[in-house]
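See structure below.
In this document, chain identifiers A, B, C and D correspond to the written order of the chains, with residue numbering beginning at 1 in each.
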Amino acid sequence: MTDQDSTVSPVSLTAEDRPDQPPVSPELVELYRGFEKALLVPLWTRIGDLMPEHPRSKAQPHLWEWKTLLDLAGRSGDLVPVGRGGERRAIALANPSLGGRPYATPTLWAAIQYLMPGENAPEHRHTQNAFRFVVEGEGVWTVVERDPVPMRRGDFLPQAGMNWHAHHNSADEPMAWIDGLDIPFQYDVEAQFFDFGRDELSEEEHATPDRSRSERLWGHPGLVPVSQFGRREGTPLLCYRWVDTDAALTDQLELEREGHPGTVGPGHALVRYINPTTAQDVLPTIRAQFHRIVSGAETTPRRETGSSVYQVFDGSGRVTVGDFSWSVRRGDLFVVPSWQPVSIRSEASLSDSDSGALDLFQFSDAPLFNKLNLFRTHIEENA
Amino acid sequence: MTDQDSTVSPVSLTAEDRPDQPPVSPELVELYRGFEKALLVPLWTRIGDLMPEHPRSKAQPHLWEWKTLLDLAGRSGDLVPVGRGGERRAIALANPSLGGRPYATPTLWAAIQYLMPGENAPEHRHTQNAFRFVVEGEGVWTVVERDPVPMRRGDFLPQAGMNWHAHHNSADEPMAWIDGLDIPFQYDVEAQFFDFGRDELSEEEHATPDRSRSERLWGHPGLVPVSQFGRREGTPLLCYRWVDTDAALTDQLELEREGHPGTVGPGHALVRYINPTTAQDVLPTIRAQFHRIVSGAETTPRRETGSSVYQVFDGSGRVTVGDFSWSVRRGDLFVVPSWQPVSIRSEASLSDSDSGALDLFQFSDAPLFNKLNLFRTHIEENA
Amino acid sequence: MTDQDSTVSPVSLTAEDRPDQPPVSPELVELYRGFEKALLVPLWTRIGDLMPEHPRSKAQPHLWEWKTLLDLAGRSGDLVPVGRGGERRAIALANPSLGGRPYATPTLWAAIQYLMPGENAPEHRHTQNAFRFVVEGEGVWTVVERDPVPMRRGDFLPQAGMNWHAHHNSADEPMAWIDGLDIPFQYDVEAQFFDFGRDELSEEEHATPDRSRSERLWGHPGLVPVSQFGRREGTPLLCYRWVDTDAALTDQLELEREGHPGTVGPGHALVRYINPTTAQDVLPTIRAQFHRIVSGAETTPRRETGSSVYQVFDGSGRVTVGDFSWSVRRGDLFVVPSWQPVSIRSEASLSDSDSGALDLFQFSDAPLFNKLNLFRTHIEENA
Amino acid sequence: MTDQDSTVSPVSLTAEDRPDQPPVSPELVELYRGFEKALLVPLWTRIGDLMPEHPRSKAQPHLWEWKTLLDLAGRSGDLVPVGRGGERRAIALANPSLGGRPYATPTLWAAIQYLMPGENAPEHRHTQNAFRFVVEGEGVWTVVERDPVPMRRGDFLPQAGMNWHAHHNSADEPMAWIDGLDIPFQYDVEAQFFDFGRDELSEEEHATPDRSRSERLWGHPGLVPVSQFGRREGTPLLCYRWVDTDAALTDQLELEREGHPGTVGPGHALVRYINPTTAQDVLPTIRAQFHRIVSGAETTPRRETGSSVYQVFDGSGRVTVGDFSWSVRRGDLFVVPSWQPVSIRSEASLSDSDSGALDLFQFSDAPLFNKLNLFRTHIEENA
């Protein structure tokens, strides 16, 4: 990918009629030519773009419908083999204003991955932090550091950088899920390493246990295995099961109904997935959260530095991001760029499940901003 | 700045002859058109660029000669006024392979700033972390949060995000110095806020004290003022004076000569500037260090994730970065992209000062990599 | 409690025949009298006691039988009312070599607490960190910050300093449990504050819910409630249920049988209770852990700085601490002083449950040592 | 030292007439005898002492006059040799209400140490954290990890646990200084290890350099040696020189006079010594600070959890601690027990130096309280 021109002509005179720019003269033209020749760019011609009063995202709010994604992924299942080189049958969201690059936002990658019955995705590892989230189906095991982890609807599977991993589909049906990574961020800061692993897993790794070993060690609330304990930057818990997430959300809403604190806003439950060895975000660069909004409730418009990708897990509703607004339903993915206000309204439809609540999975680049002292948030007052 | 195309045509068939790509067929062409229409990009066509085996920097090693910079800055002094809107007479290094953008590296901004006698650069503040380093001259005061700080040869002045700051030149001569900021990084992750301050400083702030108040509070070794103490992400010490840096480097080399630990390699002293409230890097996103290499010594080639900009402070020598090699002298600036090996040889010349050592100021984006668990370094074995 | 004499006569001449002491002379006698008069003590007469080559604990290993404790607690139930002033019907272990003080070890308090049907223990709060552990029975609710928490066999209820708390027994039977606190430590360093609360709880607080609100917020593995999240030095999770502890121990032993890491030694599962907001010990000064040792297994003798109290939860076995050795069964409590080697052998008896494993709850002052850079451990080599 | 009785008779019936105690009856007497026999103590007879409403220190405010200390130390110099076994000619303050034990406070040891011309104190190391502070004289070098450090008036020399150290007096005069350690604290929690080192130092270690190697590496403000950098719990800077402390205090008072923040109260400058690798207290268990109070100023009465020892460095004044009040002059030492209010008034006398300020060195156990979430402070309102 070369998103840079090879010519170096950074200075333009089109700024000549701007009052904050120096008057154009033959000497100024010569000076600017000197800059170009010396590979220099004056701040005064660029400051408005480089140092805006607040973030003006290069990305655009956008919605991808799950039906479209799933249909194209299914056709790829027929036409595109999975194997070494291509590595994964993953198809990424390309934000419409990011120049065709496979970036959901300037820092985040989001893709649908698809595996046919009996297929294997070969082992590799990389510095990019990753996770999988399952909106429907089951039958695939992801094998992380030789530990097979079953994937089922509602499960969240984080996988910190440099863990070996592969996938195998042991079911009779294809399975699709969502991959999230920090590919664009690591591309920009140039941190990436990648190693190819074994082409075939061992028989033991093709096992299909109901729980991974990581869950047996780390999946007990408030308890850690002393033999394995120690601070790790990426979570050792490889799967956060839907049964737990659902229970936590249900509890928050019941506490609210009983008059106790628990929700982040009226009718709005929110849990964050955390690393049990640090009590911080599951991955060094990615935050993951799950929202439940009861039918009829609406969240207050809120801006944050940094960007998010959401996937509707259940229910339906209406989402407004800046100047964009969409009706959403199960599986749909949408993007919230940096500092764009987002609000979400839960609207039960006839086809919804009993609860009628709108359930959404969210991931974002918030850890970057938190760790670098750049995080800001703003609640819109007139909402 | 628009470094993205507006068209969205991410998928190319030029990959058709690559063995890791699916065979081209009418169905595949149709699938790829479906991807484009749906704003999707398949991983298998992009993985080599997005997820390389190790960082392959978009930036290029490059040297800017101080003489050229200073000459162009001087001509700008005559032609370009300093004032509100343009804000600063700063001229940035534009890496030759970064598309003409004013980026020294993908994350770092480096510029020469120039102020004529009696000039004032107006007050503003921004989330971008910044510093100034002075390779020659004196007479300018930078006023940070109303505290005037004199700038003199060898001084390093960090200034964390969202501190109000302005400059005034109280001398009879123009003065030039180097500005370093994390502008490209914050541009990419979209974290920027910027506020305009007062156009004129108060009379008190135009004072020209020999030391800033920050130094009187924080500039005593191993001692902190209890009334002000508490963790701050950016250093409250606004100037690190040359006399201290020089003494620390001299001490390291003397310890080495006496047979004790101190240097990082034979004849190679290295100090890091730190925040006295955290004992960590002076700025949340920027590391700053100072090297002294005795005449005849050469550093071992070393790779690091992340990029650096160096300025020669004194002496002369030969620098090799990847496939590039340059003779360097006082004031010259050069760039080391991510994972490119760098080695530096000190070569005294007739015009050098008595010591004959090569002194270099360096700044880098290492805190990003450290805090996000992405830092790696490698010493070349056959060097 | 006055464990100090009022006379001040620190210097003795009994050291006269020790070769490391100065020769006795009239001048030395006069000097030592001068020390006494001036309230001074020379190091050279005391160094062996004050600065030993390794910890020589003032405490002694000791075993208290549960049957004895429970019998005396029951008789106290008849004779000693619970109410304001005495505050709790708690009876503390007094280590036989600590001068009759109610200290299980030099830093830890351990007591049996007993509440009759219908009784209430009045509300108070204090800086002392506390927990309850239930070896048998149920029917008592502890109310922490107005949140009623049911207590049942196997449950661990930590309660950080300065949380308001009270207890009420809603059952038809008396109930006993173990209290652990850092009373001796806070007594020595003089950190204590204590406030009396309300004499009567509200009707709502007399509720007997199956789960506390704290568990509904914090008791889901790997998940935190965003509305409440933030670092707290004491855990907000007020009860760690037996069902979870048991499952975690079972998983570790099964992983061991399958050939995977999990246990701390052969047949020895060990979990630590942690604070979900810090991933560190549940209380600032107290570590709590739970051991399961399979029948026939024996732990390697191990020394640690700091002291522990253990309670047998289930099964039976033989415990050796330094020169002491006891057969232990359900409910028995024993003390391991600093740097005394401890080893535990699991010995199934006819009366044991099916599993035959020895289950032990342990608490210690390890966080003190960890935070102050004083923690050491040593595995005996010839065990 | 055995400050405990060997008999175990913890329960007394003297509480019979207290209304919060159960009525005395033959059954209660029998119950209490049962407690004694079983090594148990009921909380309800002890709670007032164990869990007071606020700290009631076992220690007492007390003043030791420097003249007395120095005189007795000098006589010890004649009568008591320094060597292996006794290890140091150190004479400790014994708080009048701590039973004759060599404890200045319940956690802190403070002693005068004295070395005759040509004497050597042999090498050892221990877990106890220590420092030296010099109120007058020079000529002694302390050798820490083979690095000779000269000691002169006003210098503060911290030495974290387990550093090898020895002393030698190279001057023609005896020299005295103050040692501070956490001996009582480590005695209570039983953390101590002690190793004997070499009886004789090497010739190189008998060198008398003007600065230690540690200062050459770590004594430059805001700068760290990259080759040695990394977090260490005890400071690697082995001496904090008077010239720096004096300058920092002078700067704070000048800033106050100019109308800027800097002092902790009117006319009251205060600096804290910190570890340059952590920006926290110099030692894991000990805080050290230096006060300067201008003539005529008085500090507001202030309580803190934890205890302090002060030494007057220069000037004179009046100190009030709880119910005690003393006139103080150079060298005098006094103790502030936990939660006792302290206020200090500076009163210039004819014999004082020009400045007339009262200078005081202070050390305390504050890090214990901070790290264990037990620190509290209170400013008296009606002062």
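Note that in this section a residue touches a chain if its C-beta (ideal position, glycine included) is under 8 Å from a C-beta of that chain, and two chains touch if they have at least 3 such contacts.
Here's who's who by UniProt: A, B, C, D = Cupin domain-containing protein.
The structure displayed is predicted, hence computed values, not measured ones.
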Longest centre-to-centre distance from chain D, chain (CA-based): A
CA centroid of chain A to CA centroid of chain C, Å: 44
Computed distance of Cα centres, chain C from chain B, in Å: 53
Contacts with two or more other chains, residues of chain B listed in rising order: none
Pairs of chains satisfying the touch condition: A-B, A-C, B-D, C-D
Residues of chain B touching chain D in the complex: 213, 216-229, 231, 235, 237, 240, 244-245, 247-248, 251-252, 254-255, 260-264, 270-279, 282, 289
Chain C-facing residues of chain D, complex: 1, 3-10, 18-22, 25, 27-28, 31, 34-35, 38-44, 46-47, 49-58, 62, 64, 68-69, 72, 75-76, 78-81, 83-102, 106-107, 111, 126-128, 160-161, 183, 185-195, 233-234, 284-285, 305-307, 337-339, 365, 367-369, 371-374, 376
